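After this come two complexes, each holding chain A, first together with chain B and then together with chain C.
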Partner chain A sequence: MDFIQLLASGLANGCVYGLIALGFVLIYKATEAVNFAQGDFMMLGAFICVGFANEDFLGWSFWTAVPLSIFFMSVFGYLFNWGVLRHMFGRSQTAIVILTIALGFILRFAAGTIWSHEPVSLETPYAGKDVSFGGVVLGIDEILGVIVTIILTISLFIFFSKTKLGLAMQAASQNQLAAYYMGIPVKRIQSMVWGLSGAVAAVAGILFASKGAIDPSAGLLGIKAFAAAAIGGFGSLPGALLGGLIIGIVEPLSSRYAPPGVSQIAPYAILLVVLIFRPGGIFSQTQKKKV
Partner chain B sequence: MRFVFKTSYDADINWFKHKTQAFWYFVLFALMLALPLYFYFLSDAYLLGEITSVMIFAIAAMGLMLLTGHTGLPSLGHATFMAMGCYLNVIYLNLGVPWLLSFVLAGATAGAVGTLIALPVLRLHGVYLALATLAMSILTGDFIVILEPWTGGISGLAVPDISIFGWEVNKYANPYRFYYVVLIIAIVIIMAYRNVLRTPLGRSFTAVRDSEISAQAMGINLTVTKSSSFFLSATTAGLAGALFGHSAGYVTNETFDVVMSITLLMMIVIGGLGFIHGAFFGAVVFGIIPVAIANGRSLLSTSFDININIPGLENGMFAVILIAFILFEPMGLYGRWLKIRTYFELFPFYRKDMFRRQKAYLKTERVQ
Partner chain C sequence: MSNQSKNKTEVILKIDNLESYYGPIVAIRGVSLEVREGQIVTVLGANGAGKTTLLKTISGVMDPEKGTISFLGNQIQGQEPDRVVRSGIVHVPEGREIFPILSVAENIELGAYTKSDKASIAADLEMVYSYFPILKERRSQAAGTLSGGQQQMLAIGRGLMSRPKLMLLDEPSLGLSPLLTQEIFEIIRRLNQEQKVTMMLVEQNAKVALNAADYGYVMELGRIVMEDEAETLNNSKDVQEFYLGVNQEENQRGQKRWKQRKTWR
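And then the complex of A and B:
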């Protein structure tokens, strides 16, 4: 029973990791840039929602706050690519890595200045309620997290395989030049992918903040999600979710059953093992580069 | 305007390009040698201690510069190698190894362990290396806690004094001696660095940075080159870590955290990627900014009665400066200095695009 309880809460955590990792992978696939600030995007999305919904701030209805914060995060992602990252075209990956790390610092600083460094929790209509299935007690927030992740995954899948825009995004990420020749506005598509990834990060942030408290340094969670993305294989959307679930489940189980200290190490240890033995991740997509 | 007429092949790899350059470096050397005298007469060695720690960070940044600036491999885990160097140095010292030997051994062991860790990842491209080193950097604190019998874990470890053939050096008892020890080590490392860059190995570092495929086509063994670069880089960082330990006097599991790794990376970017000078410029900037912010704050509160007390302001400012540098001055402070110098050297003939990269294309690692 204990085991199932841990598994369920791990699953809910894993969904948040998986969603952040999904954001990384979207950006990486589309632009080959690695967004080290994705965790901070998640944090910012959560804080924007807190700013709209909590009584201490604006105190609007939760159901208006959620779409508004998702919208603001996608605008933020779009503008960041449009205003900053696009001008980095042709520069080394190191420069982009450092740039996004610096962006993370700025977002952390901004969130801390606007909403204070104290941990806050998102006030939701369903806070504190839980359901019990034959001895296993699950919070509504946890169940909702899993359901939202499943819905989001399915709709993203349909979006990428059925809609024109989704297909254009796929084309632009597979071969920019060919996509450009086909009349796809690659630059705008890339900004849109950033916007999409910002929206996904906002959803992850809202799920995270409704489950527990969030503070500006919560963005460091992104590093775990990063490990999740790499475990799954950097270019694979289902891989990112799977990696997130693996890390989410391993964490509570190892802190319960393994000696102390192991649970902090476990996600990164898995990452190192995967990188060493299966360098491309579980869903490996790396191929040999030709001259 | 100076034109260096090269009459021998050595002119390309000489220490100094021309006599004037050599003259200015010797002036700098003499100034650095004489610097403690000034503080001695002032009888206030606080600032000297700050300069010493800037030099220690410059050594660590040189280690990272070799890897990131010259070989093109980003590492987010150089604080780990500093930690290894620091702890190994203390462990050797406590075993009774003389300081000179333990210092060098600590660096070499850190380098060897670092290479062993990085070897499997080096086959992959940049992002994975950044990721693996980041994971390594996060795990450092946890491993220090796990290895408590040797490292002292959370309660920390006291670093013994430096003793070179009976000549005792302690940062607090005698900051002047410590300054000279660090200065000499820094100079030795700069000379070694310069020498590595003019060997075939050093040339292949730059070749790998500029294009892995063409380097391979020229017969360069990628794995050997990358792992040698990693070894040298981690060794240098380990040496810097050992010095940092002596400078701090006491280290715990929280001393070498991720922020320190990222700071090192920020240093070399602000200083100028790909230049030895850049490591020093970056370290100086990171030494000055906190002091400048503190001074500016006290100036505002005393003379204008404005109290700014925003937590995390330093980090936010670092980040803004860093983004500005990446966007507008990718060559860093040293690059800016090069441009200014070239402007005056060529006086009426300097053109705006002189330092522009010839090729700007999407650097892709995928099959196209």
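And then the complex of A and C:
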């Protein structure tokens, strides 16, 4: 019973990691850049929602705050690529990595200045409510987290495989030059992908902040999510989710059954093992070009 | 130099004094050429002559430093590639740049990205399948699993979906067997006649290109050094020797002509 309880809450945590990892992978696939501020995007999304919904701030209805903050983060992602990253075109990867790390710092301190460095939690209509399934007690927030992740995954899958825009995003990530030749506006598409991953980060942030407290340094969670993305194979969306779930489940189990300290190391130990035995990640998607 | 065509049609693409650079290196220097409606025009030249750069500059992937490109009377140099495609030029790149993980059908449909009329897209899809039945057979397969020749067909079919007035073909014979090359060129000729697509064709394989083309240009080190009717080029001593590999008899001084300078220098 204990085991199942830990498994269930690990699953809910894993969904948050998975969604942040999804954001990493979306941007990496579309633009070949790694957004090290993805965790801070998650944090910012959560704080914007807190700013709208909590009584201490604006105190609007939770159901208006959620779509508003998702919308705000997608605009933020779009504008960041449009206004900053696009002008770095042709620079080395290192420059872009450092830029996104710096952005993370800026967001962290900006959030601290606006909302203070004290941990807050998002006030939701379902806070503190539980459901019990034969002895296993699950918070509504946890169940909701899993359901939202599933719905988001399915709708992303449909978006990428069925819509023209989704196909164009895939095309631009598989062969940027050919996408140009087909008249696909690659630069705008890349900004849209940044917007999309901002929105996904906001969803992750809202789920995270409704399960517990969040503070401006919560963005450091992004490092764990980065490990999750690498475990899944850095170019694969289902891989990112799976990697997130693995880390989410391993953490509570190892802190319960293994000696102290193991749970902090576990995600990276798994990453190490995956990289040794399957360097491309679990769902590696590498393909060689025919000559 | 003559610039006459037997049946004179309108000039749809006119390039004037075009110069493009890769960083500090000049890739094409002062190229001027014309493409007339309904023609197949070929640009011949060895590796590094600047043929691909020329096409990339027309399709907007590279921006020229100097010169003008006018298409149907509008200047298009330096425009973003998606605007160039919308104006009616499509570039079928060298080396079959396809989307490997997407299916064949999805690849072809992406060719119509700039179109929105669903009925005409569906009709164009059928048209593409009628020229390349093998693509219809393989439509749900990942494009990366196709053979080289099929990938080339896919690249051409995908290009057709934007309903281009002018198609820029970069080395369609690259890496294909002589038989497949014949097949691809036959289809290019048919598309030119039946679908009225004007073709600008860049090739190293001068023989097949000149057989298919109406008019030809020869490029060397970023310049156009020769231009004429394809037939005349085919019979020209210089082209025969340097691009078609026809053996010349030794001259009275016992030297092979390849030791001599080309007459255009």
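Observations on the structure shown:
Keep in mind that, in the parts below, the second predicted complex is superposed on the first by the 285 of 291 C-alpha atoms of A that agree within 3 Å, B and C clash if a C-alpha of one lies under 4 Å from a C-alpha of the other, contacts with A are read in each partner's own complex, and residues count from 1 in each chain.
Operating definition for what follows: a contact is a pair of C-beta atoms (placed from the backbone, for glycine too) under 8 Å apart; a residue touches a chain by one contact, two chains touch by 3 or more.
All figures in this text were calculated on a predicted structure; none of them were measured in a lab.
After overlaying the two complexes on the shared chain, residue contacts for A:Phe105 are found with chain B alone; chain C is out of touch. Looking at the shared chain after the overlay, A:Tyr181 reaches chain C, while chain B stays out of its contact range.
By the document's definition of touching, of the two partners only chain C reaches A:Gln170; chain B does not. Counting the residues of chain A that each partner touches, chain B and chain C differ, and the larger count belongs to B. With both structures placed on the common chain, the touch criterion links A:Lys162 to neither chain B nor chain C.
Looking at chain A, you'll find residues 175, 177, 287, 289-291 touch chain B in one structure and chain C in the other.
Partner chain A is touched in their complex by these residues of chain B: 68, 72, 74, 76, 120-121, 123-128, 130-132, 134-136, 138-139, 142-143, 145-146, 213, 217, 262, 265-266, 269, 273, 310-313, 315-316, 318-320, 322-323, 326-327, 330, 357, 359-368. Interface residues of chain A, counted against chain C in their complex, comprise 164, 167-168, 170-171, 174-175, 177-185, 285, 287, 289-291. Residues 28, 32, 34, 84, 87-95, 97-99, 101-106, 108-110, 112-113, 117, 175-177, 216, 223, 226-227, 230, 234, 261, 264-265, 268-269, 271-272, 275-276, 279, 286-291 of chain A are the ones touching chain B in the complex.
Touching chain A in their complex are the following residues of chain C: 59-61, 80-82, 84-86, 90-93, 95-102, 106, 109-111, 113-114, 144, 147-148, 151, 158-159, 162, 175.
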